[in-house]
Amino acid sequence: MLNVATAPLQQPAVAADERPVVLEVAGLSKSFGANVVLRDISLQVRKGETVCLLGPSGSGKSTLLRCMNWLEEPDGGAVLLGGQRVGVRPGSNLRMSDRDLAAMRTRVGMVFQHFALWPHMTVLQNIMEAPVHVLKRNKAEVRREAEALLQRVGLADKMDSFPARLSGGQKQRVGIARSLAMKPDVILFDEPTSSLDPELVGEVLNVMQDLAREGMTMVVVTHEMSFARDVANRVVFMDGGYIVESGVPEEFFGAPKSDRARQFLARYARG
Amino acid sequence: MSEFAVVWQHRDLILHGFENTLIIVALSAAGSLVLGALLTIPLMSRNAVLRGAATAYVDTMRCVPFLLFVYLLYFGLPSLGLRFDNWTAGIIALLIYNSAYMGELLRASWADLPKEQIEAGHAFGFSGWRLFRRIILPPVLFSALPLIGNQLIQIVKDSAFLTIIAVAELTHEATSLQTTYFVPFASFVAAVFLYWLTCVTIEGTIGYANRYAEERR
Amino acid sequence: MTFHDYLSIAHGALATVSISLVSIALGVPLGLGLALIRWSRLPILNPLAAAYVSVIRTCPSVTLALLIFFALPEIGVSLDPVPAGILTLTLSTAAFNTEIWRGALMNFPREQYEAALSFGMRRGVRFRRIVLPQIVHSSLPALVNEMTLLIKSSPAVAVLGIVEITRAAIRVGARTYEPLPPFVFALVLYSLIVFLFVKTQRIVERRYAQAEALA
């Protein structure tokens, strides 16, 4: 079970609305063939926030997340990272070059549902790979940081193991460490615990909770209601491609404003 | 049988042919593996023209009989002004032919890779050549290892066709030995044995490498 | 190149394909026989069959053809080029077919076999009506693939001096002193023939994949 710490979440030194906007989505729309998945979605994520995207299957939440780092290209609207447009060349509507897109993506971390570790590298190599070969950082320095990150997620002893030998929960913790190694402005989590056996979910959620408490900006698509309720600063409920409701967890879980939210919560009553 | 004694007496001829076969196989195998890996890029390209051209090349090589192809390169091309010696023609033929096969089997391996780990590559800022070389290619090679092994055995067998253009490889030297000393049975049995030994060694090495690769799949 | 030249090359292609077809017709059942020997683990014959498969699968067609044509006369078996060519291709394809049939036999669901036993079916009936139809079905795509490969490698028998497509092209080239056109024609013609076989193979594979999906 999620270990909800006794100490409360740190109160931000700056008032919530004055923190800088790290990631913004404006008027996003996306269809797959005849299937409209996102309809005019707008959302701002501020520094230090943990935003949870909730909703039934097919509501568009994963697609929205994947548009944020341009793994999906929206049909309309804009994605802005620290004020800069993602995926599109500044001052035009032309698609950004692969190299420029890759450079922007180094600022956005991603944790995948099926872990997506690179099987031909050890755990340590997985974490070091992007900082060394994309950011071109000093190898010895990166190695020290990587070892520290592994320590932090509790997997220092698995440093030289290959992903094939790890459990799902271990793989996902490596996935989180791998994202942290890039020191991103924001980390996107795409259903990080959906592929895990129930008894392994807790170890991953605990790591994520620690991250949130330390002030990492996070956008999380999840079905784990306890995490959304206890850790998120804001909950965004989506259905049918729209943002139906958005607000602090106490409001959403305690007194949902819309029928659809109520229906959704009734189904997940046990959380 | 006294035949085998004669062959043993002149074994350096057979061994010389065997050595040449090994050289030919090594060069063609290394070359076609590299070219095949590069070929996967157009084969998997989103650009329909590029993909179409690469696929046409692969499909053509799958229909072309290797023997006729060798003949064409060695006997036919001089009319166009392209004159190769028999070794060059043979190795070029093996390279062009087997690069297509290597490319296709590596492409199939690439297509079978879990999409997420490539996406993770994109998400972490890998693109272009770096993405291909560090994120895509190693898992492709590891998972295609058994098929690469089969193709290597095929290259060993195809090398024997080069006897037709008088390259001094194993089959050619065995033929030479048997016509000189009238020992056809022992001569060709020796050749068959050496081919068998080579292929079994390749299979064994691939099996051993496979254990290394399995952990990394 | 005259019309007669084209015709002689086409005739050569026909000869090559005919030899291949005969070898296929002989090699498929031979492969089945050897696979059954391996599967039922008959003493003496089993290791011999295993050795045969291992050696022939790694043997180039050219070398095998030369061995059969030049070496067999020593033990009294003197063959003309065409039968020698057929024997070479048959032995070669049978080795690969053995492995294909063996795979099907090993993957045969044990329960079906036991069901047949429990109904009191005797071995001959069991095999003919239960096992054989199903292994034919599951082996067919791989067998057709092997047939295509055989057709493609059968010009190897040119080394025996049989007048088939390779020899025909060489002859025309030698006469006209222009080797390129006959070789190009031979290559294109034969590749088309192989292409037809490959197309047939794709159709067979698709139909069997559909049948599998429905099953």
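Think of it as A, B and C in the order they're written, each chain with its own count starting at 1.
Operating definition for what follows: a residue touches a chain if its C-beta (ideal position, glycine included) is under 8 Å from a C-beta of that chain, and two chains touch if they have at least 3 such contacts.
A quick note: this is a predicted structure, and the numbers were derived from the prediction, not measured.
Grouping the chains by touch while subunit B is set aside gives A | C. Seen from the Cα centre of subunit C, the chain whose own Cα centre is farthest off is A.
Core chain by CA centroid proximity to the global CA centroid: B.
For the pair subunit B and subunit C, the distance between mean C-alpha positions equals 22 Å. Centre-to-centre, using mean CA coordinates, subunit A is 57 Å away from subunit C.
The distance from the centre of subunit A to the centre of subunit B, each centre being the mean of the chain's C-alpha atoms, comes to 46 Å.
On subunit B, the positions that touch subunit A within their shared complex are 114, 116-117, 119-128, 130, 134-135, 138-139, 142, 214-217. Considering their complex, residues 69, 71, 98-99, 101-103, 105-106, 108-110, 112-120, 129-130, 133-135, 162, 164-165, 178, 182 of subunit A touch subunit B. By the touch criterion given at the top, residues 54-55, 57-64, 66-67, 70-71, 73-75, 152-156, 158-159, 165-166, 169-170, 173, 178-180, 183-184, 186-187, 190-192, 194-195, 198 of subunit C touch subunit B in their complex. Considering their complex, residues 60, 62-69, 71-72, 75-80, 153, 156-161, 163-164, 170-171, 174-175, 178, 184-185, 187-189, 191-192, 195-196, 198-200 of subunit B touch subunit C.
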